Amino acid sequence: QDALTLQLKWVTQSQFAGYYVALEEGFYEEENLDVTIKPGGPDIAPVQVLMGGGADVMVDWMPSALAARENGAPVVNIAQPFKSSGMMLTCLKETGIETPEDFPGKKLGVWFFGNEYPFLSWMSQLEIPTEGGEDGVEVLKQAFNVDPLLQKQADCISTMTYNEYWQVLDAGIAEEDLVTFKYEDQGVATLEDGLYVLEEDLEDPATVEKLARFVRASMKGWKWAEENPDAAAEIVLEYDETGAQTEEHQQWMMGEVAKLTAGSDGTLDEADYQRTVDSLMSGGSDPVITKTPEGAFSHVVTDQAFGG
Amino acid sequence: MIWVIGAVAVWLGAWALNVWLARGPATRARALLVPALFGLSLLVLWEGIVRGLGVPSVILPAPSAIFERIIVSLPILWGDFVQTFLKGALSGYVLGVAAGIAVALIADASDFLRRGVMPVGNFMAALPIIGIAPIMVMWFGFDWESKAAVVVVMVFFPILVNTVGGLAATDRMQRDLMRTYAAGYLPTLLKLRLPAAMPFIFNGLKIATTLALIGAIVAEFFGSPVRGMGFRISTEVGRLALDMVWAEIVVAALAGSAFYGAIALIETRVTFWHPSQRRG
Amino acid sequence: MRRSIPVLTIVALILGLWYLGAWGMNRQWALDQAARAEVTLSEAEIFVDTMSQDRPKLPAPHQVAVELWDTVAMKSPTSRRSLLFHGWITLSATLAGFAIGAVAGMLLAVGIVHNRAMDMSVMPWAIASQTIPILAIAPMIIVVLNSVGVSGLLPKALISAYLSFFPVVVGMVKGLRAPDAMQLDLLRTYNASASQGFWKLRLPASLPYLFASLKIAIAASLVGAIVGELPTGAVRGLGARLLAGSYYGQTVQIWSALIGAAVLAGLMVGAIGLMERQVLKRMGMAR
Amino acid sequence: MQTPVIEARGLDLTFQTNDGPVQALSNIDLSIERGEFVSFIGPSGCGKTTFLRCVAALETPTGGSLTVNGLSPEEARQARSYGYVFQAAGLYPWRTIAGNIRLPLEIMGFPRAEMAERVARVLDLVELTGFGQKFPWQLSGGMQQRASIARALAFDADILLMDEPFGALDEIVRDHLNEQLLALWARTGKTIGFVTHSIPEAVYLSTKIVVMSPRPGRIADVIDSPLPRERPLDIRDTPEFIAVAHRVREGLRAGLQGADAA
Amino acid sequence: MQTPVIEARGLDLTFQTNDGPVQALSNIDLSIERGEFVSFIGPSGCGKTTFLRCVAALETPTGGSLTVNGLSPEEARQARSYGYVFQAAGLYPWRTIAGNIRLPLEIMGFPRAEMAERVARVLDLVELTGFGQKFPWQLSGGMQQRASIARALAFDADILLMDEPFGALDEIVRDHLNEQLLALWARTGKTIGFVTHSIPEAVYLSTKIVVMSPRPGRIADVIDSPLPRERPLDIRDTPEFIAVAHRVREGLRAGLQGADAA
């Protein structure tokens, strides 16, 4: 069996159900792979782990992967299980926000650690300064949870459709009391969870072949998860070593995640890629990336995997 | 490889020079030169290893790259320093030290309170910063006040333990003397026990300086405005701008060392009589 | 029994303040929710609500107690939902780290006291090392250690050692320098070697300082182990519990992990205190 | 008749140590009247210090009764009736010599100007003028001992308890301080308890000499001095003086033999 | 002629203190031959301790020359030539009395059995048998001082330096220890430097008496004793003894007046 380590972007949860399903249901084994899944967390930069040799493949969002590439980390997208973006900005209705024009003067919670790029490029497209002031927004570095909204420390916070949004609802705030702005709807969506490897790995045909088997098994896992969301959530729960996740939440999350993976067979859609790059480069005075990326994705793995 | 060998050679040479320098008379210049030399040789070693082994900059940037980053980012670094050190760490330090000494005095005043407070104080010791930081952010908001609150909790225990230990560090005759004067609690405290406790208290104060800084920085990982050393560090790690991360670390190390040095200087003034200060 | 009365009194006092705090801090949420539901609550209803919210700003003590009971007593200690399981993971890293840190700290202190070159060059850097925010570089340390094949307990223990060695160095240096001039002169007249001076004078004289430092160090070591758990994937241990609680706004879970950590620290600090009393008693220094 | 200043009846004190109890005082009966100068003399370890400490309420007797000015020692301590000179100097290292002498004055709330005046006076008394600004470790052993005497003299306690105050001093300074102490005593009418190992010193200074014997500490002899209160230094050559000294020496011998026999 | 064991030529020592320099020793010239018993006597603060410390290489002279056994004091220290009894007992509080006495033996690597034997012997010598297992603070002041003497005697150094070892002891123990010390000296031929404030003690013990005068510490007189080496206690009543004692007293007086005049 070939050993392979996958570094996740975040903790064990249904966001990564496909991989856990593939592991649990033996899809990796069928491809003669011995896969280790390393959960991530708020302090783990998957790119660093990849560069340090701690993993072979990572799950990352494209904006941070492209920024890392510009910073000298030669990471390449080899597959894109997530077709659409689940990111949104959630506001309390009582703050009076109805459209993005209402943002100036408000406090917005944003995730940093490489996840701020979609927000920054959205704001620069809206031409709203993020340094505070009269017609700017005050940005808060939001930690892990939705407390700032519940405690009214922020007017809006970043949420994922499949995770934090559920937490807001679960806390007892009704959907009618909220206003949400999906990045997809605002036309600023960027590609989320994709699979990345180091450029040099693609030069070795044996490695490419191994990766192809991995992507094939992973996508099989994803499709299985889409079809059996409750069972997939159970599997995820089993792999959660913290013992802190709840069944209810994971099942809900699986349902939402399935909406995002739907429509992807794992192959990166170049149009989506282009849209992401354009969005990131259009950042006015302070774009996220300054040069058009070269060789930031490759189809060799998916081509081999799906016989393209 | 040549880089690595060269760097190791430079480092060993500097160490030998230091050994020689330290044998000479203890002048102020030497006291500054020796650590500087040691540090410089460490930097050379670092640069050599990074270059020699081709360590990618997203893992560990070279000192030269960090230095460049510091030069071009001075205004940002200064703003972060004000936010984290001056506002968060210092105010928390002052409050935490005051609280630690106050509780130590309370615990000391009666046996009943000491037995009750000390175990509770021991509890406080281990409230891990990762646990309290999110709570403090929830209670005191995103700005520096929540960082100061974290710092208060962090410095409290070292001060408490050392003050309580120090207040007990008088010898029998010294205490008996006070008893023959029928000195009340307060005079005994002010004229005997606090002075005798000073070497211990300064121990705590010194340990607390570095804790305060770490506390203020790490607390920013759990929610902050978009400035501050901790904010910058966590954000730039995510962006893989490791040179900026290290630039902030350099600022933190400089500020922390200066802070520690200032406390140590006050210590030599206050506890000049202690044997550890009397002999060089 | 007589000894526990003061502790119980103080604990009762704290619990009282805690309930008061829970009532004060959770009020706003109760009122907000009522306003959203367009009902008005009596003070009594508000009070009941503040004591039983799902995501309180400050959970009431009994909520934490129930959670502790559920996760400590009601789960098998090998279950991942048992706090004992996570506590044990953290404890083992803490003890390993404390052992490394304390030994390293003592060795460094000995070097600093006996070697002027070490004193002058290492001490300032030992101080500087502590101003590096460990949480920031912990992931890098873990990544680097992982890439050279070190994983499991050791990386966490190293981070915890990094935090715990410093208090030991500071306290021990002070203690090793505490003997007064006459005590040192006596040894000079015997032409005692440096090592004899260490074992027979400096070490015994330093013990009161050392023990004060060890108490701080073991607490720091626990914090270090918990910090170290985050970048190792935060899958097990009290740190992972804390973080998981944070992700999902489970304040009750955070607080029970916090209490768990505090109890652990209290026990360890208490154990060192016990050792201190034994040692000082045998040395005729206990009062 | 006035009540005794210090009155001990059947006083006992046993220390508990790691290898068994040590009886330091056994069945001590003693009355000291106001204005007396009482010397305690006896072999090393016989309990002189322990008795003084009991009087000053620094040690709690395990048996018998002890009153000071009709009060318990503890109450007398609270009333600041004692000046105590310890067997070792025990100066606070963080205070200068003047600062150490000022310590009891500060605690008892003397006015600032008077403090300075008193410090200067007692420094002069013990011949340490000019050393006020030095720290204890910069003084010789005898100078430290003198500083601690000055500290006890700085405030005017009714009862002075002095534990071998002149042990570390040379004959000349010692003669000088003996004279000074006698003058002070005559002038102020203080009651003084004084531990010494010097038989001539005990005879020269005291109105009453308590000879103690060791293991366990007992009183071997109490000698009321027949010497006049007015005592020039050369009184030490008179036959009365020599007779008293002889009796003290005999008492010490007898005490020792008794202990050995026991 | 053999070379002197201790030879000082024009020795000077000035301490730098927070309020100016203090000259502790000034122009000291002194030779001490092997096997001599030299007493130092002089008023408190005249530099006796300081001189002894210079000999033991605990203080570095600021001028003049000093040799010990023809070596520098530092070299002699490294050869473990000294036993030193400090003015204060200076026992380590964490060691029992026996443990304190064992300390130099441990450091010098004596075999275990011999250690126990030596400890028992010197404890007996200073009459502390039975107190070996006590901690220092459980002993009286005089007993602590005796323990520190025992500690210095436990190993056989060529040169014994004793700084007021008997200051805190009563006459009887003192007489006993004086005799013991003389016997030890006669038996071993050690060279002994001995600081005391007692003129009779100095005369009784010494072959040479150094009288010092204060501020700055100078030698006022050096008296070679005409007394025989064999000295029963009652030698103290002979006219020779009284004559020497008289000369010492005169030397002390003269030194003090000289200092006052200066």
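A few notes on this one:
Chains here go by letter, A, B, C, D and E, matching the order in which they are written, and residues are numbered from 1 within each.
Throughout what follows, a contact is a pair of C-beta atoms (placed from the backbone, for glycine too) under 8 Å apart; a residue touches a chain by one contact, two chains touch by 3 or more.
Chains and their UniProt names: B, C = ABC transporter permease; D, E = Sulfonate ABC transporter ATP-binding protein.
Treat the numbers as computed from the prediction; the structure is a model and nothing was measured.
Fewest steps needed to get from chain C (ABC transporter permease) to chain E, stepping only to touching chains, is 1.
For chain E, the chain whose average C-alpha position is most distant is A. Between the CA-based centres of chain D and chain E the separation comes to 27 Å, rounded to the whole angstrom. Between the CA-based centres of chain A and chain E the separation comes to 84 Å, rounded to the whole angstrom. Here the spacing of chain B (ABC transporter permease) and chain C (ABC transporter permease), counted between their Cα centres, is 17 Å. Chain C (ABC transporter permease) and chain D, compared by their mean Cα positions, are separated by 52 Å.
For chain D, residues touching at least two other chains, in rising order: 18, 88, 135, 137. Among the residues of chain A, those touching two or more other chains are numbered 42-43, 45, 48, 51-52, 143-145, 147, 151.
Among all residues of chain B (ABC transporter permease), those that touch two or more other chains are 59, 134, 138, 221-222, 234, 237, 274, 278.
Chain E makes touch with chain D in their complex at residues 15, 17-19, 22, 41-45, 48-50, 87-88, 133-135, 138-143, 146, 163-164, 167-174, 197-199, 249, 252-253, 256. On chain C (ABC transporter permease), the positions that touch chain A within their shared complex are 28-29, 32-33, 36, 54-55, 57, 79-82, 85-86, 135, 138-140, 143-144, 146-147, 230-231, 233-236, 240-241, 243-250, 253. Within the complex, the chain A residues that touch chain B (ABC transporter permease) are 42-43, 45, 47-48, 51-52, 64, 67-68, 71-73, 112-116, 130, 138-145, 147-148, 151, 153.
Only residues 15, 18-19, 21-23, 30-31, 34-35, 37-39, 42, 59-60, 111-117, 119-120, 122-132, 134-135, 138-139, 157-158, 161-162, 165, 168-169, 199-200, 203, 206-207, 210-211, 213-214, 217-218, 221-222, 229-230, 233-234, 237, 245, 249, 252-253, 255-257, 260, 274-276, 278-279 of chain B (ABC transporter permease) touch chain C (ABC transporter permease) when the two sit together in their complex. Within the complex formed with chain A, the residues of chain B (ABC transporter permease) that make contact are 56-59, 134, 137-138, 141-142, 220-226, 231, 234-235, 237-241.
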